[in-house]
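Next, two complexes with chain A in common: one pairs it with chain B, the other with chain C.
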Partner chain A sequence: EPAPVPRAGWAPTRPPALTVESGGRRRCVTPAQQPGTGGVSLQRYCSCPARTMRGSGSGAGSLRLLLSLAALWLSDANEPGTAMTTRDINQQTRKSISDYTVKEHDLSTPGSHLTTQDFNQQTEENISNLTSAVYSISINGFSSAPVEENVILYSPANIALSCNLTSPSTDSATVNVTWKKDNETLRSSSVTFNETKHVWSTQYMLKIRDRNQMGNYTCVFKRDQEVKATFHLQVPQIEGKEHHVVSYVGDSVVLVCKSIKYIPISWIWYMSNGSDQVAVNDSLMPDKYTVDEKYANITKLKILKISEEDDRSYWCQAVFKLGESKGKVSLKVLTYMTPLKPFLAIAAEVIILVAIIFLYEMYSKKKQMHAEDEKEFEQIEQLKSEDSNGVENSTTRHRKV
Partner chain B sequence: EPTATKEEQQPIPPPDGGWGWMIVLHFFLVNMLVMGMLKTFGIFFVVLQEEVGGSSEQISWIGSIMSSLRFSAGPLVTIACGKLGDQLTSIIGAGLVSSGCLISTQATSISFLCVSMGLLLGLGFACLYQAAAVMTARYFKKRLALSNAIARSGMGLTFILAPFTQLLIDFYGWQGTLLIFGGIMLNLVPSSMLLRPINTKNLQDFSGRNVHSGSLTQSKPPATLTSHLDEISTTETQVNNRLENAAGLESPVPCRQPLLDFSLLKDPFFCIFAWSFLFSQLAYFIPTFHLAARAKTLGIDSMDASYLISVAGIIEAVSQLLSGWIADQNWIKKYHYHKTYLILCGITNLLGPLATSFPLLMVYTVSFAIFCGGYLALLLPVLVDLVGVPRLHSSLGFASFFAGIAAIAGPPIAGWLYDYTQTYAYSFFFAGTCYLIAPISFFFEPSVHKWKLRKEEELNKVST
Partner chain C sequence: MPVVHPEPPDGGWGWMVVLAAFFQSALVFGVIRSFGVFFMEFVGYFGELAGRVSWITSIGIAVQQFASPVGSALSTQYGARPVVMAGGFLSGLGLLLASFATSLTHLYLSIGLLSGFGWALVFTPSVASVARYFKKRRTLATGLAFTGVGLSSFAFSPLFQLLVDTYAWRGALLVVAGMSFNLVVCGTLIRPLTLKEDLAGPGDPGASCLGKLSTLFGLPLLSHGPFMRFVLAVTLINTGYFIPYVHLVARARELGFDEYQAAFLMSVAAVADLCGRLLSGWLADCRAFRLGHILVAWTSLTGISLALVPLGRGYPLLMAISVCYGFFSGALTPVVFSILPEIVGIGRIFGSMGLLQMMESIGGLLGAPFSGWLRDMTGDYTASFLAAGAFLLAGSLVLVTLPNFSSCLEISHIGTLDLGSPVPPTGSGLCL
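What follows is the complex of A and B.
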């Protein structure tokens, strides 16, 4: 395979601190990492007197270019795997650009065509301002429970995950630290390890570029016991609605999903069909589903002419640069009969009460009239008897009240 | 004890019991359901915003129209009661409320809801409330404060309605909930039928003109001016009825009570009451609205805040009962209690901003609930004491109208105060100040009393 031609303006940076010569190949080791610490080591090849990456056409730049070309050719001459060489060089130059390094799982994967991609990434690094952040967990003692932390990542960034173990014991045994990603041990030169009195700290530097770097990263401290802390790197979670949305047959409903702090690239709606999820295609059925995306961080799915089949769960999926996440909204469809039944029950009870009260009123009025009729009758009778008995018998006329 | 009458037209003294307790039951239901609906509107607010759309300002218009029309429609209700009678007006009110709920289920926009939920419900509430209040005043005289307090304790139960409403909304959606609410409000129709008319045609309006009919020569020095007035009116009607029976004719009632008595607006007693009612209503809504928000700014979580509100509700109900019972013992005139409670409310609110932690806020809430319940229970009895039962409808109508203005103005003023000063402390200061301004008018009562007595004596001298 032909040796890749470096692009103009490309030159490796940062001279290595020391150079070890062995077997005709120059091996450079950057000061940050010493071989043999913490079980992490990396073999690298370097082209030595490199400084900046950005130079384009300066004199020093062209000298570096020549030297790197020479190194390339030299390694080409000795090494069977051109691809590997290139990659390693790229790797190293990438490393020498920035302070952080990317861990590759192993160096044996062929990747000759990675060159362009690497270049792209590299130029991308040059252009964009990537955020850097440090996330740390402190562990107290070897007997503490495993600690977990959720790290929300929205866009590519350079991050450092750091674990600090404080153990007051005076045991002088050495502490081994390992980093794992999703239960696979990482071997990387991007790990630092510090040991002071009773405090062991380790830091793992990561470049987050796409979804492959997301996952669970665990740092494990081991002496006689083992203690670990886990960072869950994930995309922002979308909250659907915990409670179902109620709607009626023939009506229309709007299902809303929001992503408050982070703006997704796009949204996709799914509906559940049995046990799997089917995408909701609003262009296929425009009079049934409409997706409103007026604002980028809110999506609204409007469902028209609801029928009983629409009683299912809907998922809104937010697509981010580093992955996707889903929120669930479930729809419950009722017919008008459902609330009508309690209403009719209450209405019936009301009618019964009205009838009872009405009848009671009629009854009491009748009783009153009856009593009054009786009283009048009695009075008339009394008057008649008094008249017949004579005037002297008439005393005060009682008006019965 | 109530004496059975031959005809309904025979004036009887207020029963103070008997069928009166049915009236109290109805008033209790009215308080519970009306206030419950008004208070749970906040829950509907959230749901409506999500489902029907519209800005929060538009939706809060519905609530404002509902709660202000409940007061401001007072004069309209007075006319309706005068023409149709209390029972029929109450039934119409119940019908308005339930039909408003039912129509709202078909709503598609906020303006529709403003009319169906705001207007209809507000009118219905006003009809129900005023008719029930006046009927209670007719049936109770010696135990008016206690019966009023018992009826008002229905408001204390409204805190049950909130989780119930939330449950219904989760189950049936807001439309189903409104449908069921319409049914529940329909229960007020049979309870309105309990409002048996009593003495409806007899107690006439006592105006200055009736004085020279000669019935002032009746004995008994009256305890208060209004009992004097009542005496006069009852003896007046007794005289009329005896004349009727003697003559065997139906003589027309000498003085027709105008349906809406605008002369009330010039009556100083009414002015005293209206002033105090206006300011106390202005102040009332503010602490209740802002209590939860203030708890939040102090870092108290919403569970504890709602606990605070329900505690306030219960204590207010209990305090109303106690205050009503105490007032009925007639140790001193009722408006003295009213004054004292208002002043204490004012002081509590002025000290309110000092409450910066949960226990202190609880202390504030409890004391505010006690004093608030105290003065609320006495609103109706004090009005009856000042104005008398014959003119109760008109005075309640007008007083409610002014209270409605305060009810509309109160929350926005408080909100503006918060926006301007960025702290809730000033809302409490404002409320406290209003509560302190309110009882000022009562300090004029003795002088007004003397002025009125003097005026009557002058008219007496003129007539005799």
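What follows is the complex of A and C.
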């Protein structure tokens, strides 16, 4: 039967469903895992905005307020003159953040280890030329551990980073909020601060245009204690191959790097030289290295006439508008002697078994013939003795049938 | 002077022959089925399209089936042992040469043609030898021999993947070639056996070279009514039989299940297949029913379970149907091979098996593309599975027309030119 052809490309994701359980707790329904190629692991997440508090209507309410604020800002910035009802705005917002994935992690356990959530920037239809998205973290209480998220961006965008602090304490002292980028305090007019009963939320608008704006952004809430949350803005990671690629001396090999969801501008290959990384120059040595870039999101480095020195690590670097990222592929070079040893061992075993079986057969045949000879011999003896006794013996010689 | 047995020995060295056939089916079909591991490597290395790479195994299977009469003819003339040993050597040699391939054409020739021909020389004589060594327990012995396929499909896929990860595909092919050389050992185990029917003589000694050749290939069998009806039935069965192997996973994915769930369906069917083969072998040899009736029963049940596949929309139901399909399809396999001597006589077992293999392969080759075409026409796999079930039921209907099916009398089958041996009496003779 023909072997199955591996399927390439993504199946369209089913839109997730949001259900509200009894008791007011919002629960997300996860879509069934979709088939896809390897490379980026699929996350069983659902698209729903970050959970604020369990079982509390006000938390959900404040989030909705936040979202509608964001939506109003977005709609003002992108589509002036369009009259929309509140419901339309909510739906539009949901569509624009529809590719948000949030891990269902409970953020309210104090003293826990760092929790990480991954956000993926939407790559689907844009409302305008530049995509806009809101990324939000909720912090429960002043004594919770610092929270971190990875925000993956690959092209210029307008984003809003928002932190919501929910503190059940009745202390009415003022809360100070600061935003920092890589530990430098930011002073910007694009910070908003909102305070309702028990919930403090702050939002920082950012226009990401090049790599200078990438980095770590931290919001710090300070009263008597300090609590913070960090957004790591970074370009998409490239996955290399964890396992070695094996090849032989004199053979050729193809090293592949893929970036499934995000299309880089270009790719550069490096090889390790001791502890440095040296660029692979395929134009200088065209009969040794060939780079095939048929598709923009897959790069293939073909190495010809492999020798033992090619046993090293190679890096494929994807260049995005907002930065670069590398994936590692290592090559292992073998000689033909390596698989020859098990082959010769098995061949020797075959020869030995065949010899044993033939020898056993000859031996058992000989034994059989020997036994028959003995039988015939006995019969002759018997005949002789009977003859000598004078008894007529007309027994026929037994012939084997 | 060779020892002539009046009856198949039914034991003794026969069990060693079963062991040989077990390893042989493992090394032939296990390798073929696990070749998918190499498929991915070839696509990456040669940069070729998946379609062109899948021709390698297709050519191998096609050659194995079409060249089966050659294997049978040679076995009739020279005995099974030298033929199987030569076949084992050729198949190993083909894989050995493949490890040095520099283009896809080399692989077509070395794996497809050379190894395929070696497999043809190995398979039919081995199975026929098992049938020659057993009479009362023929179906059980055949079933045991075929369990090699199922077990090796399990073991060889991860093993091949491990070999590819350690040695790349060239080194892995080298090691697999070594493993295939063990087929020579299997051949050595098949001790020559002379049955009474072999001495009946292949026709008059003055026959021309062509006449003798045609007898070797079993061509007179083409005018043998019951045999041709049997071949038709098995071809129809084959057409429907392989469709789930190709399309069950696709059907599961069509319903929305993920890759692992779909693959698990096939694994479960494979386990059921194994159990089916063993149980059917044991049951058939109990001699409570006639082999013909048993075969019709298993075939009809397989056809019904295939026709029910479209009904399985939930995972548990689909799983249950897969288990049924696996069990019944496994159950019918040993009976197909062990009923053959009853139709044509044990003296002509080699020739008949070769012809059977060759002609049933037409069904196997056409079944999957036809099912795929139905799917393209109708949009989903419902029609494909219904067609598969229909083919199997048609096959079982044709089986009903075989002699000795519905009569209580033992009719010696109607030979034409040369008389084969009369059909051996079937034990207790329960009439149904």
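The definition used in the following text is that the second predicted complex is superposed on the first by the 261 of 401 C-alpha atoms of A that agree within 3 Å, B and C clash if a C-alpha of one lies under 4 Å from a C-alpha of the other, contacts with A are read in each partner's own complex, and residues count from 1 in each chain.
What we mean here is this: a residue touches a chain if its C-beta (ideal position, glycine included) is under 8 Å from a C-beta of that chain, and two chains touch if they have at least 3 such contacts.
Owing to the predicted nature of the structure, the values given are computational and were not obtained by experimental measurement.
Using the contact criterion defined above for the overlaid structures, shared-chain residue A:357 touches chain B and also reaches chain C.
Looking at the superposition, the partner that touches the larger set of chain A residues, chain B or chain C, turns out to be C.
Within the superposed three-chain model, A:346 lies in touch with chain B and with chain C [touch as defined at top]. In the superposed model, A:372 lies in contact with chain B only, and not with chain C. Look at A:247: by the touch rule set out above, it reaches both chain B and chain C.
In the superposed model, A:334 lies in contact with both chain B and chain C.
Judged by the touch definition given at the top, the superposed model places A:296 against neither chain B nor chain C.
Applying the stated contact rule after C-alpha superposition, one finds that A:285 touches neither chain B nor chain C.
The contact surfaces that chain B and chain C form on chain A in the two complexes overlap at residues 243, 246-248, 254, 256, 334, 338-340, 342-343, 345-347, 349-350, 353-354, 357-358, 361, 401. Across the interface of their complex, chain C is touched by residues 1-6, 32-35, 243, 246-248, 251, 254, 256, 334, 336, 338-340, 342-347, 349-350, 353-354, 357-358, 361, 400-401 of chain A. Those residues of chain B lying in contact with chain A across their complex are 3-6, 50-51, 169-173, 175-177, 179-180, 182-184, 186-187, 189-190, 193-194, 196. Residues 243, 246-248, 253-254, 256, 334, 338-340, 342-343, 345-347, 349-350, 353-354, 356-358, 361, 372, 375, 401 of chain A are the ones touching chain B in the complex.
Those residues of chain C that touch chain A in the complex are listed here as 1, 3-4, 33, 35-36, 39-40, 44-45, 47, 50-51, 53-54, 57-58, 61, 165-168, 170-172, 174-175, 177-179, 181-182, 184-185, 188-189, 191, 242, 245-246, 249, 253, 256, 258-259, 368.
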